[in-house]
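One structure, as structure tokens, below. Some questions next.
Naming follows writing order (A, B and C), and every chain is counted from residue 1.
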Amino acid sequence: MNYGPLIFLAAFFALASSWFGVVLTPQLNVGQLQQTNTLNGALYPVARPGTAQQGLQVYRANGCAQCHSQQIGQSGTVFDVLLANAGTNRAALSEALQKVKPTLSAADADQLLSRIPVEVARFTRREEADAAVKTLSVGGAKAQFLVCPVGPDITRGWGKRRNVAEDYLFDSPTLLGSVRIGPDLANVGVRQPDINWHLRHLYAPKSEVKGSTMPSYPYLFEKRKAGRQPSSEALALTSELAAEKGWEIVPTPEGKALVAYLVSLRSDAPLFISPISLASAAPAEVGTNASAANASAATNAPASK
Amino acid sequence: MSATESPIPSSSVGSSPGCGALSSGIDSSSRLPLLILFGAGAFWLVVSSLLGLISSIKFHSPNFLAEPAWLTYGRVRPAFADSLLYGFCLQVALAAGLWLAARLGRTVIKPLPIIAGAKLLNIGVVLGVLGILSGDASGFDTLNFPRYAAAFIFGGYFLIGVPAVLMFHRRAVRTLYVSQWFLLAALFWFPWIYSTANLLVVAFPLRGVAQPIIAWWYAANFQFVWMGLVGLAITFYLVPKVTGRELVSQNLALFAFWTLILFGSWTGIPRSAPVPAYLPSISTVATVLTTLVFVSVALVIWKTVDGKIGLLWDSLSLRFVTVGLVCFLTAGLMNIADSVAAFGAITNFTWFTIAQTQLLSYGFFSMTLFGAMYFITPQIVGRELPFPKWAGVHFWMATLGILFGLAPLALGGIVQGRNLLNAEVAFVDVAKSTLMFLRVSTLGDVLILVGHGLLFVNLLVLGLRLVRITCQAFLAEAISEAQPAGVKS
Amino acid sequence: MNANLNQPVMVDVAEPKAVSGQVPVWLFLLGFVLLFWGMYYFDQRSGWFKTEVYSPYISVADLQRFQPPTGGVDLGRGRAIYENVCALCHNPDGAGKPNQAPPLAGSEWATGSPARMLRIPLAGLTGPIDVKGQQWNLAMPAMGAQMSDEDLAATLSYIRLSWGNKASEITPEMVKAIRAQVGNRSQPFTGPELLSIPEK
């Protein structure tokens, strides 16, 4: 019997299976995603403004994705219990506080109460957080829990929650990057909203970040004669970098577009699939016990492989 | 003038006169197209390693050549990577694969479509590299060539691939040797993945995060599956051929074949990707299952030489293939280690992953192709290379270059990863901690460039000598025909 | 060692052959073990093809448990908005910045009448005003005019409960009511104007 065609078909299906699984299936679910709503009801994502979209093309053309990633990761989610209002019965509240956090001494508990509103405890399970909130609601005291994603990227301040497919819905091309020779940029518009900082950084990275290994991009700027007054677009550079008297450095349209794009990069909206209470990413300020030290260990994922 | 009437003495006396004559017919029919593909490949090799050296210097001296837009790191690096992949790897792989298929099937290569295909391929690579340097890159690794370049490359591939498949169809020896399985699968797989990726990511991009998913799928299928298929085809041919032993065993090699195409094609999605959880977990499972590929390949080679590894060192071409094999197994180990949660969290987004893909495309595949080139070229031209000693130097340059170029990247990646995980280390210090490793790896890149230069000059001089001999013979014939009838030489 | 390198190229060997041996059984066993592990891993980590499930969450039900609570004033949100919007001038610890913004910590305006406090972000403030015994003569834009009722309520409640301030919360309903009273006013309030508004 001629096995040739059979073998050919089998090899064909073996290879084609990955096309079905990794190309077709994602196109059918992830590729058909529409705008969704944030937990506050706003539409998400919103398309970037025109200059920012042009900036994305500048980002692509200059290979920024060769050094910068745009994907925040998350290793787990925890619940921070926030004590908002002391209510009227301070003694009972102090007792409740010690019940919620048995390692707290009475003195520390009182010290915490004087810093209201303050985060008092961190839990990994919803039931524990609910129970703590209930315990703390004595004498009119108000407590609530905040949902906080944790992970090395988040601790580093690069983002507030993990990125999901909806974050990139309107970006074409979607340049996620695969190396971090430079910092992650998914949330850089929140971290660094100052356009002028970005312009100066692109012109001379070392002037803004000491010891930076990023190359400079002088071709995104041009030197031109200054008018009687320096224009509003001129970069404010230190004396060794600034142009000589009568000249100024201004960004070209590409430079402006790129910075507009960078400043538009944000992914901190709370979504159903990536929930966050929008509390700041600062770890819990608990008396003497640094519970935040174990932030990255507090995961709820099943035991790792 | 038909190729078989070349004045260059035909090669090879086989075990039987008929076999020898056919072999020589195969070799001489493939001479021109293969030399063109090899030569062009060697040229792109030099270009890409030059670009690679430039980008390597820029890691630790970022203001080196920072002024012109076309030399910025973000453009030079993808130009280097893609010119290596399409300028060298693709062309020489097709050439070696054609020769292998012709020899194993005892068929003759028809040179014309191959030469036309080679022209289109090279035009495509030129357009692609210039496109990237002028800012037209698509932005996705291994897929950076703009769509017009990709069209030329696809057309060139077609002109080479279709005759190759027809050659299979016409083959005189009906039973398939293992390498032919690998080659046939590779011949069909490349156009599928290349067209899918370019259509859905570069030409008519899908929405959102579906683009990088398909780009990752393509990168894994091209650099792991396709290069694995062609590289193993060459390895499973050269090891038994040069050592004079029989491949042990056919079934084990086919086991490697099936596991490679079944599991290898599902790898590629990184763990941390912003995609629904099922995609990275499928990729992780597939990556762990590729252990079977590496175990079976190692087993085949081990059993073929019956444990006497020294046999793999005896011939120059085999040395290249052996180093390639070691790199293949190392890259596989790195990939599998990457998929383990604890280790993968460290190496994610670091130089380690770059080192791993480079080990696959350069350490494994390019070295295997060098072995094939050094084996095939003397056979098809019937003479030694002009500077045979340089081949040995090239070997050491390449091997040391891989060692000094990629090992520091891998180690630096681990250091970088551990620092990245520790939020107390400022990012600037993370970057600083990798600088020493990057400086050492530049040294490796210099060695690699020198080795490539040697290969290129070797082939260039060979080509020039062949042209000179051909012209001389042509002239001699013309003169003898022009002599009056009575006076014969 | 380098024998083959210098030999003449004329020697050709027959094409390689492969013996048909057995694939060792342990290789298949290894394959099955890995497949078994793979199925277990996939079951645990994949979310079973649901588009909504991203690691570290394991299922949609798991995701539900991590949704933040709704209703009431979200002080965490208030703090986030304060730090993103107000802290640029008023300082993250509410101490204000000279020549930029008066302090909020211990300020009678921040802890006093909600009706007066709410009008400031809704329409802006300009001209001389006394804060904690000092006179400030600056201009504040209507930072809260574009905010939703919930967001503004959360931010102002956060201000009223932080840095030692102990005042009542401001609810979204209060914001709505005052917003209706302020209307489309484009002129910022002045200090004396605010003082003329009844406390309750």
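By definition in this document, contacts are C-beta pairs under 8 Å (C-beta built on N, C-alpha and C of every residue); 3 or more make two chains touch, one makes a residue touch a chain.
For clarity, every value in this text was computed on a predicted model and none was experimentally measured.
**Student:** Compared with subunit A, which chain's mean CA position is the farthest off?
**Tutor:** B
**Student:** Find the most central chain, measuring centrality by the gap between its CA centroid and the centroid of all protein CA atoms shown.
**Tutor:** So the chain nearest the centre of the shown protein is A.
**Student:** Please report how many Å separate the Cα centroid of subunit A from that of subunit B, as a whole number.
**Tutor:** 39
**Student:** Provide the C-alpha centroid distance between subunit A and subunit C, rounded to the nearest whole angstrom.
**Tutor:** 9
**Student:** Please report how many Å separate the Cα centroid of subunit B from that of subunit C, as a whole number.
**Tutor:** 47
**Student:** Specify, in ascending order, the residues of subunit B that touch 2 or more different other chains.
**Tutor:** Correct list: 274-276, 282.
**Student:** Could you check subunit C for residues that touch two or more other chains and list them?
**Tutor:** Expected reply: 41, 45, 49, 51-55, 57-58.
**Student:** Which positions in subunit A touch two or more other chains at once?
**Tutor:** Where subunit A meets two or more other chains at a single residue, that happens at 29-30, 33, 75, 162, 164-165, 305.
**Student:** Where on subunit B does subunit C make contact in their complex?
**Tutor:** For this pair, the touching residues of subunit B are 11-15, 19-20, 23, 103-104, 177-178, 236-237, 240-242, 244, 246-253, 255, 259, 271, 274-278, 280-282, 284-285, 288-289, 291-292, 295-296, 299, 303, 313-316, 378-379, 382-384, 388, 391-392.
**Student:** Which residues of subunit A touch subunit C in the complex?
**Tutor:** Counting only subunit A, the residues touching subunit C are 25, 29-30, 33, 39-40, 74-77, 82, 84-86, 116-117, 126, 144-147, 162, 164-165, 190, 270, 272-280, 299-302, 305.
**Student:** Which positions of subunit A touch subunit B when the two form their complex?
**Tutor:** 7-8, 11-12, 14-19, 21-23, 26-27, 29-33, 60-67, 69, 71, 73, 75, 152, 155-157, 162-183, 205, 209-219, 296, 304-305
**Student:** Could you list, by residue number, the parts of subunit C that touch subunit A in their complex?
**Tutor:** Residues in contact with subunit A: 41, 44-45, 49, 51-58, 62-63, 65-69, 72-77, 79-80, 83-84, 148, 150, 158, 161-162, 166, 169.
**Student:** So in the complex, the part of subunit C that touches subunit B is made up of which residues?
**Tutor:** By the definition above, subunit C touches subunit B via 1-6, 9-24, 27, 30-31, 34-35, 37-38, 41-42, 45-55, 57-58.
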